[in-house]
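Two complexes, one shared chain (chain A), two partners (chain B, chain C).
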Partner chain A sequence: MANKLDFLKQFDQLTALFPVQGNARAVIHNGLDFPTTRDEYWKYTRVTSLVESEYVRNVPNIDSIDAFRVPGLDAQYLVFVNGEYSKKFSDTEHIEGVEVTSMRLAEGERKQQMLQHLDQYIDSETQAFHALNTSYFLDGSFITVEKNTSLSKPICILNICAGKRQANNIRNLIVVGEMAKAEFISLHEGHENEGSFTNAVTELKVEQGGDASLYLIQNDGPESAHINAIQVVQEKDSQSKVVTITRTGKLVRNNLNFTVAGQGCESNMYGVYFTSDKQHVDNHTYVDHLVPNCNSNELYKGVMSDRSTGVFNGKIMVHRDAQQTNAFQSNQNILLSERATINTKPELEIYADDVKCSHGCTIGQLDEEAMFYLQTRGLGKAAAAKLLVQAFSGDVTAQITNDALRDMVEGFLHQKFEDQDA
Partner chain B sequence: MAYTEEELAKDLKQQKYEFGFVSNFASDKAPKGLNEDIIRLISAKKNEPEWMLEYRLKAFKGWQEMIEPTWAHVHYPQVDFQDIYYYSAPKTKKKLNSLDEVDPELKSMYDRLGISTEEQKRLVGVAVDVVIDSVSVETSFKEKLGELGIIFCSFSEAVQEHPELVKKYLGTVVPSNDNFYAALNAAVFTDGSFCYIPKGVRCPMELSTYFRINEAQTGQFERTLVVADQGSSVSYLEGCTAPQRDENQLHAAVVELIALDDAEIKYSTVQNWYPGNEEGKGGIYNFVTKRGMCEGKNSKISWTQVETGSAITWKYPSCILKGDNSIGEFYSVAVTNNYQQADTGTKMVHIGKNTKSTIISKGISAGKSNNSYRGLVKVLPKASNARNFSQCDSLLLGSECGAHTFPYIEAQNSTSKIEHEATTSKIGEDQIFYCLQRGIDQEKAVSLIVNGYAKEVLNKLPMEFAIEAQKLLSISLEGSVG
Partner chain C sequence: MSDFLRVKNLRASIEGNQILKGIDLEVNPGEVHAIMGPNGSGKSTLSSVLAGREDYEVEADEVTFLGKELLEMAPEERAREGLFLAFQYPVEIPGVSNINFLKAAINAKRHHQGLADITAKDFMVMVKEKQALVELKQSLANRSVNEGFSGGEKKRNEIFQMAMLEPRLGILDETDSGLDIDALKIVANGVNKLKSKDNSFILITHYQRLLNYIVPDFVHVLYNGKIVKSGDKSLALELEEKGYDWIINEVEAV
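For the complex of A and B:
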């Protein structure tokens, strides 16, 4: 299926729920094409196979979601199976100051409130995958946290991709009100989903003085693909943190964008990717500093083994007016096998002079001396390597403030390492 | 030969581009435009052998199918390639043995450039091959070098006298279809320098070429080929200037360096083409392809550049580290002021085992200019134990300029070690305050701090060049502070 329109035809019978979906369909049917490796920002990631495949659509019956839950995590779960809201598995109890709604089910005032924000932050005009998502998402989560509310437990949006050759457009819209504080987990799990493709878009708006954390955990399964976009928009004096943990996925591409539109903001982004087999994991981040006096911090760490490929592209844009910006970016990589590859490009584009910006990037191996030292202390080679990798990724996992979530992430990073030992 | 404060003060008074004068000597020009006939004409004028003409025509064919690259972070009106004179030579060209035979006007031009050959002759150790509007006019110290078997001559002379060497190496590092401007150069290049250092010879003096664009609406397309045979070493200097002109002139050069086993080439450039005036009018478009091939084991290529001129710069001196244990180095200071735009950096391609590369890039932007570093470090699967260290810093002077970094790092070998770091900042107010408090005025303080910032690179330049480069830094940044 070499033709874009043929590819789109398989989704065209889906009903458009909102006006923005009609607009996006017009955009993607006309001039907008899917990126190829000739596009600078898709240089290392080939998506042709994704947008030339035939997909099927069904929502299988799932008996229990216990296997997909984060062990020991106390959170309010919102569950979607293949992009459709599952009332059965979602927690529906009401928490003071928070509204959690399925987009499809939103009505009246709530719907109006949603339409004020929906598709206002993400770029569905020039980015084909965003437009694809906007065109065809079937449902999504719409979460608002009221002014001055501080959430005691995180909200976990669990998306299960179940069955072979599914194409799911996942949509989240989160608005954190003034001076409110909240944690969100976007958990992607897979179930017998060979050849499936998840295309997720999250819009996160943090209003004045708000504080939002979003943890993206990608565990779609070894034979499926995931293209993810997160757009964070920050108002004055707000804080945000996005942590991206990629566990499985044959082809993973993450686009994380921050638009810093008010003064006094802090934006933090962290990520870990441990890749193995023939995995391809690509993280693109973009921080757009539009106004003065803001800080951004970025730390991404990767360990590549087997024949896997890691890609990192971080871009910091400091506009003319954004004086007194402090922006720091760091990307560190370890290559564990002969045939592993890392392509990294930490970019700075700076038009203001009174700024402090830096980026750093390293590629290397496990330190031989450290390995030797640990071995003299009686650790086996594998145990020593594991310890070093644990320490390496510790800087990022330490940013996960929720204990249960951090335990799970550390657990599977270690496990991944053990699998490779064997 | 320390550069004193008085000298700096004197230089600072000269507000304008120092080398902006036009020399009026008759020149021999081909009609405007580019087609096969012009290429045949150039080739015939130079009395070139058939294979050379074929090489040009093949490149021209390739060029016609290429499109002008637009990926660089620079903006400029499209160049009309049919509105350029592709051949222009001073009419006085003849073999010269003594300076007395030189056209007096030509000679006075050299004097004003501060590279007077007389002075150079006294300053032992520098041989100059001067290229004016694409034709090499004069080669000094040739006989002396000849005794050692070193060939250092203009490119057209090399085609006549050493065709076997030219044929063997031309286009091996930068193929004629490498990129748009390299193809254009291969089709129409008129002259340049050729240098061959035989086995085991250490070149006893610095070799130097001076480029200068004189004629209006001419493009300069020179070609440099430096071959260092086994165990030899050479240090090569290149300086560039152009007179002040309102229209934009095109400079698309190609430099190829080849280092065989145990050979070492050090290539230094001070580029001071006319940058355009304060409103961004005029100036040179400098679209240059420079690449070095570390062909042999233990070979080394080192690029040092100080870039202060040109309206638009598009230049990436690169090293292909093919031989085992070979070393590539890139040291650069790029200064942009007013409306200048620079997109410059390097490529280090690690192919052989135990190859090492170092990149130190210092960008300084002032006025309304934009300065970008764009670099590639690539480690191929067989390049075990490859090592790279990159540092690219940017300094911003003024709130209307921009500094950008686009480093590409691609590693395909697990034994490679790569480090990259970059910072962007302005001159600290405390640093300026300290200088002011010691009685050093603002402008001098900036000059002092900038020179300190760029010192790591300036230190790599041969001495005469280092002094010139320091002066250039100060001049280029005049009026950008306060």
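For the complex of A and C:
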């Protein structure tokens, strides 16, 4: 299937639910093409196979989601299987100050409220995967947190990609109201999903003085692909934090964008990718500082083994008006194998003259001296490596304030090194 | 003849340079051996080779520890069998907690001996007791391994780890270097308390001063990759008085 229109044809029979979907279909059927490695921001990530494949569409029956839950996590779950809302598995209890709605089921005023925000923040005009998502998503989560509400437990959007050769366009729209505070987990899990493809878009708006944390956990399975876009829009005096944890996924590409449109904002982005086999994980981040007096912090860490490849491209744009910006960015990598590769490019573009910005990257191996030291105390090579890697990734995992979620993420590391010591 | 530690004709080279040129050494349970020598004589190489550092090409007629072929074991296996190296330059490992790492080390050894994990309670009791032994502040025990420790604190931490791991053979590689007299006394005192009829120590040192506090049963002089003279503690005093040149001249005259 060498033709874009042939590829799109397999989705065209899906009903468009909202006007924005019709618009996006027009865009993607016409001038907008999928990126190739000739595009600078896709240089190291080849997606051709994803947009030339034939997919099937079905929603397998799942008996239980227990295996996909975060162990010990107290959260309100919103569950989707292959992009379709699962009422059976979702928690529907009402929490004061929060509304959690399936987009498809939104009606009346709620629907009007949603349409005010939907597709207003993400760029579906020039980004083909965003347009693909907007064109064909079947459902999605629409979450609003009212003004002055502070959520006592996180909302977990669990997306299960189940079955072979599925193409799922996952959509989330989250609005955190003025002075409200909330945590969200976007958890992606998989089940026998060889050859499947998840294309997810999250729009997160944080209104004046709000505070939002979003944890993206990518554990789709070793034989599936995931393209993810998160667009954060921040109003005056708001805070946001996005933590991206990538565990499984044959091909993973993350696009994380922050538009900082009001003064006094803080934007934090953290990430860890633990890669193995022939995995390819690409993190592209972009922070757009439009106004003065804002801070952004970025720290991404990679632990890469086997023949896996990684890409990090972080761009911080400080516009001429964005004086007094503090922007820090760092990407650090440990390669555990001689055949693992990382392409890393921290980028700063500054047009203001009174700012504090830094960026940097490191690529290294495990410290041999530290390894020997730990071994002379009786730790096997794998156990010693595990301790060192844990320490390395610790300043990112420490950003996960929820204990159950952090335990799960640290467990990913333990499992990576498990059974390697005799 | 005991089979505690037996080293015969141990040779080691790195990048084509032969550093150890045939070391013979026998250590029995309960003994303290001091290995002294001028800079560049091969002292640290000897401790590294015994502990299992991989950088060297090693050959020997025999190196056995408790009856087992030492050179065939990985560093962690040597440790689990009861060998401990106190580093001359202890490594700082940011982010790895001293306590967690020690617990993992103790459990690795216990598993090797067919024992279950140490209980949290037993472990904490042990930590308290051994900390007191080397007067290590509790705050240090809870910090990242050696991170931000002073030179003296690092050396005390080495002895603390040794006390926790209860080795049969402790090799102290220039543990006295960089220590002021108070720290030296604390470290020596710790070692003296750990001494028993079943375990032994090899003290590697440039100076005699440590031997004022830990009295050796045997003193060996290492020069140019070989042990050129052995004696009792009086040899150390003689060296202190006459300097290494005295032995070097004697050796080179032969």
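Side notes on the structure shown:
Rule of thumb we're sticking to: the second predicted complex is superposed on the first by the 418 of 422 C-alpha atoms of A that agree within 3 Å, B and C clash if a C-alpha of one lies under 4 Å from a C-alpha of the other, contacts with A are read in each partner's own complex, and residues count from 1 in each chain.
By our rule, a residue touches a chain if its C-beta (ideal position, glycine included) is under 8 Å from a C-beta of that chain, and two chains touch if they have at least 3 such contacts.
This one's a predicted model, so the numbers in the text were calculated from it and none came from an experiment.
Looking at the shared chain after the overlay, A:E40 reaches chain B, while chain C stays out of its contact range. By the touch criterion defined above, A:F372 reaches chain C but does not reach chain B. By the touch criterion stated above, A:V355 is placed in contact with chain B alone, chain C being left untouched.
When the two complexes are overlaid on their common chain A, residue A:L387 makes contact with chain C while staying clear of chain B. Once the two complexes are overlaid on the shared chain, A:S337 sits against chain B while remaining clear of chain C. Within the superposed three-chain model, A:L8 lies out of touch with both chain B and chain C [touch as defined at top]. After overlaying the two complexes on the shared chain, residue contacts for A:A16 are found with neither chain B nor chain C.
Shared-chain residue A:D395: touches chain C; no touch with chain B. Of all residues in chain A, only 40, 320, 323, 333, 335-365 touch chain B in the complex they form. Considering their complex, residues 71, 73, 381, 394, 396-426 of chain B touch chain A. Of all residues in chain C, those touching chain A in their complex are 51-54, 74-76, 78-80, 84-85, 87, 90-91, 93-96, 100-102, 104-106, 108-109, 112, 144-145, 161, 165.
The touching residues of chain A, counted against chain C in their complex, run 367, 369-370, 372-381, 383-384, 387-388, 390-392, 394-395.
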